[in-house]
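A, B and C are the chain letters, set down in written order, and residue numbers restart from 1 in every chain.
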Amino acid sequence: MLNVENVSVRFGGLVAVDNISLRTATDSILCIIGPNGAGKTTLFSVLSGFLKPTSGRVRFNDLEISSMPAHRVSLAGVSRTFQIVRPFRDLTVLDNVMVGAFAKASGYDEARERALAVLNEVGLYKKRDFLASYLTLPDLKRLEVAKTLATQPVYLLLDEVMAGLNLPEQHEVAAMIEKIHARGIGVLLVEHSLAMVQRLGQHVICMDSGRKIAEGTAAEVIRSEAVQVAYMGVGNVQAA
Amino acid sequence: MLLTLLLVGVVSGVLGGLILALLSTGFNLALGVSRVVNFQHGAVVLWAMYASYLLWEHTGLNPYLGMLFIVPVAFVIGYFLHRWLIARSLDTPEDSQILFSIGLLIAFQYLAQFFFSTDARSLTEESLQHSFIAGPIFLQYTQIVAALVSLVVLVLLHLMLTRTNLGRSLHACAQNPTGARVAGLNVEHLSAVALGIAAACAAVSGTALATLAPIFPERAFEYSLVAVVVSVLGGMGSMSGSILGGLIVGIIIAVSQVTGYGDLAMAIVYALVFLIFLVRPTGLISAIKR
Amino acid sequence: MLSKLTDSFRQQGAALWLGAAAVVVVAAVAAPWINPYYTRVMTMGLLCGYLAASWNLIGGYAGQMSLGHALFFAIGSYSVALLARLQDVPLVAALPIAVVLSVALAWIIASICFRYALRGIYFAVGTLLLAEIARILVINSDTLGRSQGLQIPAMEGARNFNFGSDLPFFYIFLAMAVALALFCLVLERCKLGYDLVALREQEEGAQALGVDTNAIKRMSFVISAGLTSVGGVVYAGLVRYVEPGYDLSLTITLFMVMGAVLGGRGTALGPFLGGVVVVIVQELLITVGSQFGTTSVSALAQMIYGLFFVVVLLVFPRGIVGQLLHRRIDRKATQGSVGATVEAS
C-alpha cells in the first residue's frame, strides 16, 4: 500500500504540488494524467525520494519514504524510471541491467541470472551485448524499465514512458507493462497518451496546477468536466 | 600599533587586490562566456611579464607605454589560441578540459624557462622607484601606479561590457549559449574574443606585476591558481565578483605579511576558498546580491 | 569468481590479459640481465603505473577528478622519513602507519566534499587546494624539512628496504602492479565496480537503482588514497629523499592523472600502460635533450611533455586501452546477435 498524505511541494513562491493525497495498492495500475506543468513529474520525484515534500508525507506500508534518500527508497521497493532516459551509455545492455540487479542480488551470478531474466521479459535478450548508446528509442525505453525491474521493486513508477513513441510502439510497451503488472508488481504511470490511459488505467487521477481535479476509472475521469476544462480550456466545454 | 599595521595592510592590500582583480577578471570573463577553465592563464601573464621586461630592457621604454604594444598582440594570440586549439578540447569529456589547459600551462611555462632560464629578472624602472609616505603608510610608486592602471582597465572593461553591443553579446553567451546561437550570435567567435580580452588583461596585469616582483617561470602556476581562487571566491563569471574576490585576497595577503604570517598567507586564502566551495560555490557576490 | 573472470575475458579479450601476463613474465625473468639504467626506468614506469591505477579508482571508475592525490603520496613518503629520523622506525613498520593516516584523512576529506556535493571542477580544484595548503605548511615547517626536504638515514636490513641494489624494487613494484591489476579486474565484476560505473555515467540514474552514490564515492576515494600512500612509502625506500617540491606537487599528481588518462580511465590495465609510457616519454625527452648539452634543453623537453599531454587528450580521449576495449565491444555487438537490427541512435 502506497499512501500519499497531503503532499505539497513549494519552490520559493511557486506551488508545484498542492495538497495531493492518494492511495494505491499493487493490484491496480494507477495513471496520473494532466496538462504540462501540472506537477506530475514533481509528484513522482517526491514518491521516489528525489525531492522532499515541503509538507505532507509518503508512506509505503509502514515506512515513511518521504524522509529517505533516493537510493534507499529504491531499495525499499519504490523504483522510478526517468522521462528522459538515462542509460549507462558506455555499458552493454546486459551490464546496464546488472546495475539494477545488484541492488538485491547476493552475488555476481545471481545478478547476472536476474538481469538475463528481466531482459527476456522486456524483449531485449537478443540485444544484450549491444552498447546502450546504439539502441533505438523504443529499446531505450525498454532498457529503462528493465534496469528498474531488476531491482525487484514492489512499485514501478514509469514517468512518461510512452513519450516519443508512435502508437504501435506504445501498444507494445503497454503489453509489456501489463505482463509486468500481472506478476504482482504495482504500477504507477505518468501519461499523456489518452489511448494508453484508456488501455492501462484502472485507477486514474488527473492533476492540474498541482492539484487533484478528478479521480476514478479512465472513462469517468476523461469525461469529467474538470478534466475537459483543464485540457481544452473553458470555451470548448459547451460543445460536450 | 596593531591598528596601524592593519591599516597599512589594508591599504596595501587594496592596491594589490586591484591588480589581482584584473588578473582574474579576464580568466573569469572567459570562463563565463566560453565555459572553459583556462588554467593556462597564469602562463599568459608570465609571458606578458617577460615581454614587458624585454621591451623595457632593449628600448628603455616605460613599461606602461610598452604595454600599449603588448596588449593588442596578446589579444590576437588569445583569440586564435581559443579558435584553433582550445575550441577542439570542447569535444572531450568535461573534466578532461581542465587537464588540457594544465597541459598548456606546463608547455608555456617550460617554453619560457627554455628561453629565459629559471633566473629571476627584475624590471626596475627608474621613474617608478619612489616611495609615497603619508603618516604610517609607506607605499611604493610601483604599487600605486600598478593599482591605478588596473583600476582604469577594470573600469574600461566594465563600460565595454555594459554599454557596447559586443559586451551585450558576450553577456548573452554567458547567460545562455544555445539561446545566443539561436539569436544569431557566433558563439565560437565570441568565446575566442573573450579569451582575447582575457589575454589582453593578462598583458596589463603582467606589465604591472613585472614592475612589482621578480619574474621567473614558476610564477605561471601561482598566477593561474590565484585567478581560479579569486574567481571562485568572488563569483564565477561575474566581473564584480572578481573585483570583490581580488580585494579580499589582496587584503588577506597584505595583512598576513604585515603581521608576520606572510608565508602562510596563501594557505589561509586557499582554506577560505575551499570553505566557499562547500557552502556557496557561486561565490560571495551572489550572497551579497540576494 | 570463475564466471566473473570468464565474462571479463570474453568482453575484454583474453588476448589483452594474456599479452599483459606475458609482458610481466618476460620482464620478471629478463630484469637481472638488463642494463641497470633500463631497469631503473622500468621501475619508475611501474611506480607511475601503480600510482595511476590507484588514482584510477576515484578518477577513472568513479569519475571524480581528484587533483590533490600528491597529498597521499607525500603522507607515504614523509611517514617513512619522519618515523625513521625521529624514532628509528623501520620502513615496514612505517607502512601501516602511513596507510592508516592516509585512509583517515581521505575519509574526512571525502565526507566533507561529498556531503556538500562537490563535483566536477569544484572537486578537482578543491582537492588541488588541499594539497597546496599541505605543501605550504610543509615548506614552513622545520620538522618537516622546509623546502629542502628530508634525507632518510640509511638503515640496515630488508625491513628498511635496504637491499644493496635497486633490482628488488623492480620486483616489488611489479608485484604491486600485478596485485592491483588483478584487484581491479575482480572489482569490475563486483557490485562496487558496477555501481562506480553507473555513478560515473548517470549519478541520479544510479541512485534510482539503489546505489548509495555518496558512500561509494567516499569508499573509492579512501581506497585510492591508501593505495597511493603505499606507493609513496616504497618510493621513499628507493629514493631515500623526500621533498615537497616533488612529493607534494602537482607534478606527481599529473603523473598519476596522465598515466590513467593516456592508458584509459576506468580500465584495469590502461593506467599501467599509460604510466609506463609517460615515464618512457619523459626519459626519452630528457636523454635526447641532454645530448644537446644544456640544461635549458631539458626545459624544452618538459615543454614537449606538456604538449604531449595536450595531444593525448585530443587524440585518445578514452585512452589507449579504453579505445581498444570500446572498439572491441562495439565490433562484437554489431557482429553478434542473430535477427536483431541495430540503428545508430
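Operating definition for what follows: contacts are C-beta pairs under 8 Å (C-beta built on N, C-alpha and C of every residue); 3 or more make two chains touch, one makes a residue touch a chain.
Source: prediction; values computed, not measured.
> Steps needed, at minimum, to get from subunit A to subunit B via touching chains?
2
> As a test of understanding: of all chains, whose mean C-alpha position lies farthest from that of subunit A?
Checked the centroid distances; the maximum from subunit A is B.
> Just curious, how far off is subunit B from subunit A if you go by their C-alpha centres, in Å?
Once rounded, the distance between the two centres reads 50 Å.
> Report the inter-chain centroid distance for subunit A and subunit C in whole angstrom, where each centroid is the mean of the CA atoms.
That pair's centroid distance is 42 Å.
> Just give me the whole-number Å value for how far the CA centre of subunit B lies from that of subunit C.
33
> Taking the touch rule as given, give the residues of subunit A at its contact with subunit C in the complex, in rising order.
By the definition above, subunit A touches subunit C via 48, 50, 69-72, 74-75, 79-82, 86-92, 95, 98-100, 102-104, 108-109, 111-112, 126-131, 133-137, 140, 147-148, 150-151.
> Which stretch or stretches of subunit B touch subunit C in the complex?
Listed in rising order, the residues are 37, 85, 88-89, 91-96, 98-100, 102-111, 113-115, 117, 221, 225, 228-229, 232, 263-264, 266-267, 270-271, 273-274, 277-279, 281.
> Of all residues in subunit C, which touch subunit A in the complex?
The touching residues are 3-4, 7, 11, 189-191, 194-195, 197-198, 201-202, 204-213, 326, 329-330, 332-333, 336-340, 342-345.
> Which of the residues in subunit C end up touching subunit B in this complex?
Per the stated touch rule, the residues are 63, 65, 67, 112-113, 116, 118, 120-122, 124-126, 128-130, 132-133, 136-137, 139-140, 250, 254, 257-258, 261, 296-297, 299-300, 302-310, 313-314, 317.
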